[in-house]
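Next up: the structures, one after another.
Okay, so chain A shows up in both of these, paired with chain B first and chain C after.
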Partner chain A sequence: MSNALFTKRLSKELVDLKINPPVGIEVTEADTFKSWKLTLDGVDGTLYAGERFTLEFRFSPNYPMESPEVVFTGNIPIHPHIYSNGHICLNVLYNQWSPVLSVRSVCLSIQSMLSSCTCKEPPPDNNHYVKTAKASPKQTQWSFHDDSV
Partner chain B sequence: MQYSASTTPLRSPYMSSSTSALHLRVDFVSEVAHCHINSPQHITRQVDTECALSELESELKCSVCKDFYDVPMSSKCQHTFCAECAKFDYNNKKTGLCCPTCGYSFTSFTQFYKNTLIEDLIKEYKSNRESIAHLYALGKQAEERECREEKEGSIKATNSNSNCNFNSSPFGGTTKSKCASEKSIHKNDNDGNGQKRKRTDDNDNKLLPLNKNIRTSNNQLCKKPKIAYGLMNEKKLKNLLKEEGLPAYGSKNEMIARHSYFINLYNSNVDATIPKSKGELLRDMKKWERAHQSNEAKDANLIKKTLTNSEEINSYVISPNKYRNQFAELIQQAKINKRRRETA
Partner chain C sequence: MDLNSVVYVESVNSNLICCVCQTPFVDPVVIESCGHTFCKNCITQALLTRSTCPVDRSHISSVNEFRPAAKIIVNMVNELLTYCPNKNAGCTYQGQRQLLIYHLKEECMFAKLACRNEECGEMILKKDLSKHMESCKARMVKCENCEAKVQLSTLEGHKFTCPVKNIECPFCHTTRIQSEHTLHLEECPEKPVTCLHVEFGCSWEGRQCDLSDHIVSCSYEPLKGFFSMYKQRNEALEQENQQLRTNIQELNNTVDLLENQVSAMSDWLSNFTDPKGLSSNSEGQHLNSSAHDILLSGNDHIKNEIENLNFSLVDIDAIMTENMRMQEEIQSVKNICHGLRMQMHYLLMEKRGGEPSVGTTGSVVRTGLNGPIGIGRTVPPNANNSKSGHDTSLESNMRPPRSLGPESPRQEKL
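Let's look at the complex of A and B:
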């Protein structure tokens, strides 16, 4: 049953993203329902203007009841909440996930997280985290104490 | 880059779904191709209709599966999900059972009840979607024509005639449908904060500039206190009713019912986004009085009923001039009838 929901939801999301794409966000790879790639453009007038990043979404068959795994690949933005291995410290991807959220809303959250950044620097514990982190950011015990950036 | 290698095994189990994804792409392409066959004007109209209907449809769709509700289940917090979609999996959540839209926490899923109203609405909507789209397109067309005529400025007699017809288009005035499309755009833009957006939606609506103006101009509106009628004699009650411009007749219970209904009406009007005038409220009261009486007067004798009715009408009349013409007409009619009867 959850598999029916999984495919129905993702096909609707894909059509929606293709027909009505949010500004600066584009689906580049969605051949399967297990992983998609999207490009995210830095918004004009922000520290990331003119840069293009790639996000990878990996879905479990429990999606949308379970959050997708979302990481940056390739060119990774320098941001206090983004580790150099591509992991993103964003509460909606982990404990604050809700099945009403979507690929679109996650992309927009990440876009706004980048846009509101005032100082391009890596997270203070980047080196330690990258050495110890598991492949999936969902296996990290995140603590969200700083909502200001 | 290490992780991409380590996650490969994770990918393999869902290979089967890849075919449906490809299918979907084909569908999508054919949909776009289909659009190109039509004239550009036709496309905008079609898109407009789709846009306006999707606004309406979004109200009938589940926010989890993004499809029309299948066995809609509503919760205490006024959010609805399909029965299947309401079985949230919160194993990995510290928050326990809570509404995905607003975060309201439940003690069990038995706090959901089946919403047959939404179920029926969806059934009706699905079976009438085509005619709704057609009506919308017609209304849109009429509006466009109206706009063009307004721009041209020269209003011929014949044109103004047809204008009248178009005004009664199924979707009302121009402003209404404009609002709808603007709102849907607004919604899409804000989708980013799916959760937050839902929570603040109500506040957004309250801040519509139009309503704001009305609010500020009606700042003096404040609620009337509830009254302990039990401590009052009839004279005091009558005075209370007269103060509000309400008819002061009937038994004590009737007067209490009338006054308390008015207070409720008045107080809920204070909360309304577009408050009614006192005259409108009194007219509402008149309607209530009629409905109320038709129930109560079942046992009362007819003469008494007609008497109180005329008294009621007198006490409600706001502008007697308004009825003078009707009255004259009635007299005229009566005279004609009388003459007819005499000749026959």
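Let's look at the complex of A and C:
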């Protein structure tokens, strides 16, 4: 049942993303229900205007009850909440996940996080984190102090 | 059946969509504390991961905290129009979602059902099922002897072990199932048998159980080595004989063929020897029509020759007739000559003084008067030559006319 819900929901989401894509977001790779790749364009009038980034989503069979694993790959945006290994410090990806959230809503959250940035700089603990972090950001014990950015 | 995978005919009001599965509610329930509605299954699963409302993240302590959604919500989702899940297989049904389970179970001909025969295991469209059951390789059939129901594939095997189909041995009158019957016949002690050497001449017959005793005393037993060798030779000779017969037959055929050819040849040749063959033997004519043509033209040529010869014969006849007439003329001239000689003889006798002999004088004179001029010319030289030899000269004068008979008249004419 959970597996049926998982594939059913993801195929529904994929159709929705292809038919009605959000501005600046495009699915580039979705051959399986294990992982997808999407491009995210920096919004005009922001620090990231004209830049294009790639997000990778990895789903567990318990999706949408469990959050997907979301990281930047390739060109990593310089942002106080984005580490240079692609990990993103965003609460909805971890403890604030809810099954009502979706690939689309996560992309929109990240897009808005970039857009609201006022100073392009890496997280202060970037070097230390990148050295110690595990491959999956979901294994990191995140603490979200700075919700305003 | 999973109502979450149902395809709806029309787009559905977003208020009826569960935000976890993002499809119209199935079994909608409401969380008491916050009033949010989800599919019962969706919220149950979500709570296993995290005990908060998926929408507002308010804490939910236990499953007891939700109740069924309002009747109107339940009715609205139940009455949504759906397609039959077997649409792709060919079902054209559209109906309220709540009737879908009934349709699939009772009505849909495109539902796949497992064949009722467990060993078969095939999944068959409902519309094809009854047809399949008639021909299913795993269907049960009744053994016509013991009435037991056996699977079709094992029926043949059952016939050998069927408890009812017992066969009685015709010799010892014991009964057994079919599979053992053939084996029993081989070794039934009561079965009548002949001696193993029956082909060599032993006439012993008896029960199979007595055969071994007989063999011990059978007089053919010690000779069996010789007999089998003899038999082998005989077989080889028969084979050779057969081969020779075949050869003779082939030779006979060849002779017949040659005879036919010879008789055809002689028939053809008879066309040349037997003239009737030209008309009667059409085969001969046919065989060499060119030779026939040559013969015909030769025949015509000969006919012409004969005709020419006939004309010549007529000519010869005319000549002969003339010849005869000439001869007669010559004869009369001879007679005249004779008459003239007699007359001259008479005249000579009369000139010497002697009386001419009487008798033929009168007639001689008369003939002498017929030709005095011609004779007068020839006579004087003869009369002047000599007296003594006149007899011989007269005779010599008479000879030439005799020998030149036929030619002299012509010389005279010329």
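Operating definition for what follows: the second predicted complex is superposed on the first by the 149 of 149 C-alpha atoms of A that agree within 3 Å, B and C clash if a C-alpha of one lies under 4 Å from a C-alpha of the other, contacts with A are read in each partner's own complex, and residues count from 1 in each chain.
Keep this in mind: contacts are C-beta pairs under 8 Å (C-beta built on N, C-alpha and C of every residue); 3 or more make two chains touch, one makes a residue touch a chain.
Keep in mind the model is a prediction, meaning the values are calculated, not measured.
Once both complexes are superposed on chain A, the partners chain B and chain C clash. When the two structures are aligned on the shared chain, A:V71 is found in touch with chain B, with no touch to chain C.
Contacts of A:P61 after superposition: chain B is touched, whereas chain C is not reached. In the superposition on chain A, A:D31 makes contact with chain B only, not with chain C.
Contacts of A:P99 after superposition on the shared chain: both chain B and chain C are touched.
When the shared chain is aligned, no partner comes close enough to touch A:L47: not chain B, not chain C. Residue contacts after overlaying the shared chain place A:V15 against chain B, while chain C stays out of touching range. Set side by side, chain B and chain C differ in how many residues of chain A they touch, and the one touching more is B.
Once the two complexes are laid over each other on the shared chain, residue contacts for A:L5 go to chain B and to chain C alike. Once both structures are laid onto chain A, the chain B stretch out of 38-46, 56-64, 182-190 or 200-208 that overlaps chain C is 56-64. Residues 1, 5, 8-9, 12-13, 62, 64-66, 96-100, 102 of chain A lie in contact with chain B in one complex and with chain C in the other.
Contact residues on chain A toward chain C in their complex (touch as defined above): 1-2, 4-5, 8-9, 12-13, 62, 64-66, 96-100, 102. Chain B makes touch with chain A in their complex at residues 1-4, 6-7, 10-11, 13-15, 17-18, 20-22, 24, 27-28, 63-67, 84-85, 88-89, 92-95, 100-101, 188-189, 191-195, 198. By the touch criterion given at the top, residues 1, 5-16, 18-20, 22, 30-35, 58, 61-62, 64-66, 71, 73, 85-86, 92, 95-102, 104-105, 107-109, 111-112, 135-136 of chain A touch chain B in their complex.
For chain C in complex with chain A, the touching residues are 2, 4-5, 19-23, 41-42, 45-46, 48-50, 52, 54-55, 57.
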